[in-house]
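Listed next: structures, encoded as structure tokens.
Below are two complexes that have chain A in common, paired first with chain B and then with chain C.
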Partner chain A sequence: MFRSVLEGPTAQADMTVLVNGAETPAWDGETVAGVLLRVPGAGRTSAVTGEPRLPYCQMGVCFDCLAIVDGVASTQGCLVPVKPGMRIESQQGAREIGR
Partner chain B sequence: MDADVIIIGAGVVGAALAYGVAKTGRTVVVLDGGDRDLRAARANFGLVWVQGKGSDAPAYSLLTRQSSDLWPEFRNELANRSPLALDYSRPGGLAFCLSETEYENRAAINERTHNQGAEADTAMVDRAELERMLPALTLGPDVVGASYCKLDGHVNPLQLLASLHHAIPSMGGKIMFRNPVEKIVPVAGGFNVIAAQGTLQAPRVIVAAGLATPTLTEPLGLSVPLRSERGQILVTERLAPILPFPGSGLRQSADGTIMIGATNENVADIGVTVSSATQLALRAMRIVPALGSARLVRQWAGMRVLPLDKTPIYAESLDYPGLFAAACHSGVTLAAAHAAMIAPAMASGHLPDQFAPFSNGRFNVQKCA
Partner chain C sequence: MIHDVVVIGAGPAGMSAAVQLRKLGASVLVVDEQPAPGGQIWRGIERNASGPIAVALGPDYQKGRALTAAFRASGAEYSPSTQVWQIEDEWTLFLTSEGKARRVRARAVLLSNGAQERPVPFPGWTLPGVMTVGAAQILLKSGGMLPQGNVWIAGAGPLPLLYATQVLGLKGQISGFLDTSRGLNLAALAKLPAAWRDLPSLAKGLKWQRELRRNGRMIRGVSDLRAEGNGRLQQLEWTAGGVRRKAKADVLLVHEGVVPRIHETLALGCDHDWNPAQKYFAARSNRWGETSRPGLFVAGDASGIGGWTAATVSGEIAALGLAGHLGIKVDTEALRRENQLDGRRSRALALRPFLDALYTPPTTSIADDVVVCRCEEVTAGTIRKVARTSTSDPNAIKAATRCGMGPCQGRQCGYTVQAILAEVHNLPVGDVSFFNIRPPLKPITLGEIASLGELEDAE
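== the complex of A and B ==
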């Protein structure tokens, strides 16, 4: 839906990350929230209403960017820079903690 | 006169009493204090809790059971009078035991309460049974068992307070916020209540101002001996349901958050501390180790309103008939009894003998009755 400003017409991606298992180009300096914004359907669903959500404030206060990053649930995507090979998964509804 | 009854304090005690007074058809005005006041009603854990209560005070144990039984109807009536959500459930509650000693102590408390004549509504459950009751989680190795009381329940305490604040005006009552009372002055036929926004008059006044109650009643010779106690609470992010029963110290709200608490600290400072957060988190993880991976989103402290013997105080002035005070811990649990039993009695001008065990006279026979 969005395009990254880092992503010029010719610019090569700096890395690949996995978004819900799909290889996705990403650029140095981007956050996980930036990636979630540009990949269709990658946002989370609200733990309260089940409605879809996308990253909003980009500064750590709204929690609408929660995602499972490298297996760690409820990670605030806007506070985490991307790294090559990072596994980003959408977090659906209320988090389940392990048993 | 400005109302039949003036209530001072719109915390959960004052608001439940006002709701009960309004239900009797009398006019009621509630005066509340400033935003920086100590307000246990906005800082508590939300248990509607029976087990362990009044194990050494039969009248308190009985009142708690009565309130617990009144709660479902109280909740439904209140929910019908307000459009706000009011999450309440009564699946029974657990007091987790993390050692043989804790288990034995708990069993002894239950036995004491039952020996006073209370119905046998609380039973010890061993670890195997507890595991069957909690299929969605793995208990920590220290958990020996728990005490289970089928009467226990929980409510969202902020929704409870908001619902009461909504219902009172809809029943013809009035609440004046940010209107701290300075003084109560007896006059012919009643009292002048002198407050920041002006003076109001009524034949009956109930002081339910939490820890500030004695400062208002003592100048009139009505003693209400209280002490404060700090309690800190931790709250996690919303989690998928894992805890189907509220527990003392650990409950999952209808929203999915897990509340962990509360400490018992004899300090006057209202701040939060890292050491208490650590202590609470460690105990919660001894019960449910997986909680170690949950994120904490909030920590706060509240000040308990504690009568010196922990039993509620429903006091009536002998010098100035019509002046009452109500102060207690467990104002959430007792809200249904306050609305249905205490409010009508105070509004009619006299506390019947059944409430004598709660009079302030028990602290000092010479000074008051």
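== the complex of A and C ==
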């Protein structure tokens, strides 16, 4: 759905992150929400009806970019820059107690 | 330790206020949600120094570099990636960063936390693939992301035109621009003479429009937008010139203007005014930016939409007002005159009445099957049904439906609930209030609350 201008046949990614366990290239300056939009099926499901959602606002006000980042659920993906080796998991429905 | 001023938001207004306050000798802590300074307008400014993205973002974006550098050099304490979740009297602020909570104290507070895009629900707006134009532009600024496939823009205002120009500049694709504005109307024309005071901005807007028209991508007079798809956006429908049309779509970017962030000032019980032209509430402030609560100031778009140039000037004005409040021995009136703050601000706002009249917020009634509250998934129909038997108070809707109780705390549904209540009770929209805003301002975990004191004890 989105692709980085920096991404090219010869361009090296700045780092690798894990999206639902799969190694995924990522770039400096990118946020977790950006990764969710690049990787098919990485978004969350809504808390009430379980319908698929992807980041909507990118500025911290919609909460549709919630993801489990390094084990912490309901992390606002648009506010978190990617880091090498970061573990990003799709959040299914509401946050579970204890994570 | 007590800070003289805690500034919330490191965009144009907050950075310029912090720089000015430091010059006047005040101690300043700047708290911001983002990992780097610049706000939304200059997001990623320290990274995007050169290369194709920097060029495409244009000269106005690059203008943020000087202020950001001045802010970094100002000696203001800066706490990025930090959320403010509670503000208490005289003044204690509760913050979280990196999963840890702490509390800081201040003699005065400046809210320069900007704006958000106005949420306008329509059928299919929760589908993956639908997002705001501002969101797409932020993606361009942070990571150089361009939308792929059949990309459509729908809405009105300067931002979609600017963004479309930026995407085309990077050889990105736009299948079409669905213009939902009413076109040049009498009300807008009446404001045009004053707008000439800001000729460069006016010329920019016309250039953006011309480029899109030349590319044959502009579709005017669009209404009744609908996004459809199975699990993601696949198709669009709209009406233009009395004809219903359809198109394949992978990405739909929407924008119907911006509104100030008001959760903080609402929670603190500040007086607010209704802006009837642009249909938003903003905290009432005096000529120094001070709200009805002494010691609590607002600047920039958070005090009413004015754009980044006006925001930088209002930040400087608020800094002088804060200096006065703190009892710093300086002639604030003289500085206000010497720096020509009033003249600079009025020039920066010259185009605004024209834009406000040209790009009026949509007034279309929202269909019953449309989701209004994205978090709790409450439809317009449910809200309408409850509204018919309740008072015209949004809190009654909230209690009955959970609308506004999700993690966004009414940031997406507040104005829509207000509009539906006004419609059902046959009231002017501005006579219906916003939700009561209660703590915490942003969701926090019990674990984060339990961590309160750990950092303070360490100090």
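Please note the rule applied: the second predicted complex is superposed on the first by the 96 of 99 C-alpha atoms of A that agree within 3 Å, B and C clash if a C-alpha of one lies under 4 Å from a C-alpha of the other, contacts with A are read in each partner's own complex, and residues count from 1 in each chain.
The rule is simple: a contact is a pair of C-beta atoms (placed from the backbone, for glycine too) under 8 Å apart; a residue touches a chain by one contact, two chains touch by 3 or more.
Model, not experiment: these values are computed from the prediction.
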item	value
First, second, both or neither for A:E96, with chain B first and chain C second	first
First, second, both or neither for A:L37, with chain B first and chain C second	second
Dominant contact partner of chain A by residue count, chain C or chain B	C
Partner chain in contact with A:P81 - chain B first, chain C second, else both or neither	second
Touched partner set for A:V48, first chain B, second chain C, both or neither	both
Which superposed partner A:C57 touches (first chain B, second chain C, both, neither)	second
Which of chain B and chain C A:M15 touches, first, second, both or neither	neither
Shared chain A contacts, counted only where both chain B and chain C touch the same residue	47-48, 74
Contact footprint of chain B on chain A as seen in their complex	47-48, 73-74, 93-99
Residues on chain B engaged by chain A in the complex (per definition of touch)	136-138, 237-242, 255-256, 290-291, 293-295
Residue ranges of chain A touching chain C (in the complex, touch as defined)	1-6, 27-31, 34, 37-38, 43, 46-49, 51-64, 66, 72, 74, 78-81
Residue numbers on chain C that touch chain A, as the complex places them	33-35, 40, 44, 47-48, 52-53, 81, 99, 116-117, 119, 126, 128-132, 134-136, 138-139, 142-149, 170, 231-232, 250-251, 261, 374-377, 406-408, 411-412, 443
